[in-house]
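What follows is chain A paired twice: with chain B in the first complex and chain C in the second.
Coming up: the complex of A and B.
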């Protein structure tokens, strides 16, 4: 188990360093996914399988996919096709592939071992739910208000003003 | 589960949270700006009034996140009061601007809520959540007039620096949790009680916590953002940052330090002394050269936070009183000064240049007198609240034997006198009609703002002339 932790921690640090040194955002995001996945394994090793699951589902799954979509959508243009070809070159995915293979191998080693070990009580979904909605229910409410502040602020900063132009003007603008 | 008493004692917080939702619903009904402003004023008044109803239940613990004692109710009162005053001033300011000002009130309520949570938090979790509610609301408020470059620039600066300092704060909390095994201030205190020397891991964590909170307080060396953000933000938002957000963060830092009995450790004491001395001197010296009133007030707020850190040092009952008194004086005075700037602001010009105050006394004597009173109080001239506050800090510092720090405080206030007096002399010299005296478009709100400003001025003078009332009130405070 000790060895497993150090391998995973190493993978985390390497992939996170690669995140902040890549020039291309998509490459950086690929490494960020690896970093989050290895964090999930660290959570698993610490006896928190539920937190590990959430890490994979929410961060590596939902949020990162959203990121990648946004980044790809922002690059709309004529060069998009060539860019996508360039993104799929071998040296781009070989690094993340090696790191994730290490993590995958660990997973196969860890799963049977973890089931045999029972000295550490696992923090499962039930325990998390009880602590969130019983002891820290006010904290959950506060997090809700935090999200509301973020949403209202983003809605205000991002809202578009309707530009009302006469159609002649609009045509003239298009010709320009 | 929450009991009935929990709900009762948390009613100010719940009311603030509900107000933001109510205002959002009112916006969806497409009510006018005036209606929304009046409603938010009433809602602020209701949550302020609810503070008086929970007095008999104190002190009260809402395990494991919050503690509500007399000190925190007092700080909450200051915060909600400044939110209310800011919302009065906001009408005039935003009615003339191009953006729809309605979401502004939702965000103002949320920021006030975050600040109040900070004031009553007794746990790292609620500390962080409260701080983030406050900061996330402020990001949007600072960049509210998003068509203007200054606003966007200030908002981006604040966003990047605040996010960075939050990460410091989180890592510091994690390290302290690693050392002590608790997130509650009380359990951290009980784990530290056995230690004679500060464990290095805890010290590292505490340092990072100070980076995070020091950024929000804008004390030297984390003060770089202050002048730019103060200048770029809409003036009512600047007033809110300078008063409520500072008061909340200061209160939670003070509670943490007192609860873990941090002043027992020489190293923590040394760190606080260094920050205080640097803030007092650098804040006052940097504002000497400024020509922009907002920037002058920004640097002077750095110095004032330095004075408040000096009030921390004795770490006893006396310092709670000194902090409460000085904070009250500072919040009221700052609100007054920014209120005058808001009343003088035109559509495109925020009345920030010192030249726009030339000859103000000969055109608008009432505004000039109010601004003079508030600047004199900031400078600490006798017969104002600022003087009594400074006297209180000096008395508590000298009683605990911090002679050198007290001398530095006096010295730096003398430096500060120069730039406050410069604004005052500008107001009384010349007769150039620089402030356009057009007919006010919003006579009702103009009168209301003037009444609030006069009320605040009366408070400044009253606390300065007969401070016994507030002192008596403050004397009952003790952290439980």
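Coming up: the complex of A and C.
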């Protein structure tokens, strides 16, 4: 079990690093998908199969497809790759490197403190549902309202009047 | 060790059977289409033209495997493998008969939904990597179609989950001992069936590859065995959706005792595969915007209402 965890953790870290260093946006997104999938396996190993599959269904299966969808629509080609190459040089790395070194040091300090529990109860769908709709019900409702606002906003932006372009239907234009 | 060997053997047998069945489905489809259109279909190679599949496979294997110079090579190569891989992964949780299943996950239904949602990448990446206008259009259509229909597919199944109280597929089958869920969840069955057709992008919902407008859609640039992978993936998808319909709504392996459970399961599955083929033979393709409108304005509210009513009845019965 532990070997499995370390292998998946390694895959996650490497693929996440590759997300940052790829010049081609679609390649970067592909590595992000791999990173999300291996994160799902880590959840699975830690005894949360429901969270693992939600990660696959929602993040890897829906949100990332929309990301790729947008990248495809923008038709980013050779030019963007060149631009990215120009951006990802030398000095850019200094700031993030310092910040992640701090985090890494913190992790090193915390590791002996937080021993991994050997026996953890599996967190299945029922447990997740009970905690969501009992303790965190206000959070769920707030999230629902936020999403509703998003949907209404999208509907407002996407709304457009029907334009009839057929030559025999010109009189429809006056009503626009 | 013995159990491990047994599992490996089971997996190998299942892989072999599924890919073989998917290959013969091509013959079955051509033959049945011919029957419904009052002609013969493939009838020369071997008895009933059965060997046409061998000829087709040999042809595909020996065709030039051409990668266009303008394509994104690595993604172009990996895209066809994703669909076949994702669909084959879903078969891990399908209970063929008591004892004949690979993993009895307690979140089996969600696993199936997760794997079918990963299948989208094959179309999206294949179409994008081809670097061709028609492929890109096909990929865009495919992505939006599959993402939309995934939503109703998941929602329609939640009624069954409410009644059973479990995501485990064997529990769902065993809960149908008294009556099949088609009797209590007919709306869910219709929604799941429609979403399943859209998810496998079969006719009448083969909009991502509509030949009459997009050459061949997302796989316009593919040839040889890479095209073959898309092809096999499609037929595996049909088999998977049929198997899931049987498992969830038609009692899985359950049936009168005079036949073994596995025979019942495969028999029912084949009826649904034939239904898929009949749909192809009889229905025209809708327009793209009609498809999206139908999904979001009719299927989604229907699925939600079905869920609400089922939840209410389950609560009433339990109290």
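Keep in mind that, in the parts below, the second predicted complex is superposed on the first by the 99 of 176 C-alpha atoms of A that agree within 3 Å, B and C clash if a C-alpha of one lies under 4 Å from a C-alpha of the other, contacts with A are read in each partner's own complex, and residues count from 1 in each chain.
Note that contacts are C-beta pairs under 8 Å (C-beta built on N, C-alpha and C of every residue); 3 or more make two chains touch, one makes a residue touch a chain.
Predicted model, so just to flag it, every value in this text is computed and none were measured.
When the two structures are aligned on the shared chain, A:94 is found in touch with neither chain B nor chain C. In the superposition on chain A, contact is made by A:134 with chain B only, not with chain C. After overlaying the two complexes on the shared chain, residue contacts for A:73 are found with chain C alone; chain B is out of touch. In the superposed pair of complexes, A:154 makes contact with chain B only, with no contact to chain C. When the shared chain is aligned, chain B comes close enough to touch A:146, but chain C does not. The contact sets of chain A with chain B and with chain C never meet. Chain A meets chain C in the complex at residues 24, 26-27, 30, 33, 49-50, 53-54, 56-57, 60-62, 65-66, 68-69, 72-73, 124-125.
On the chain B side of its complex with chain A, the touching residues are 1-2, 10, 17, 20-21, 24, 62-66, 103, 106-107, 110-111, 113-114, 117, 125-126, 129-130, 132-133, 136-137, 139-141, 143-144, 146, 155.
Residue ranges on chain A touching chain B, taken from their complex, read 134-139, 141-143, 145-146, 148-150, 152-157. Taken together, the chain C residues at the contact with chain A in this complex read 72, 75, 105-107, 110-111, 113-114, 117-118, 120-121, 124-125, 127-128, 136, 139-140, 143-144, 147, 150, 154, 167.
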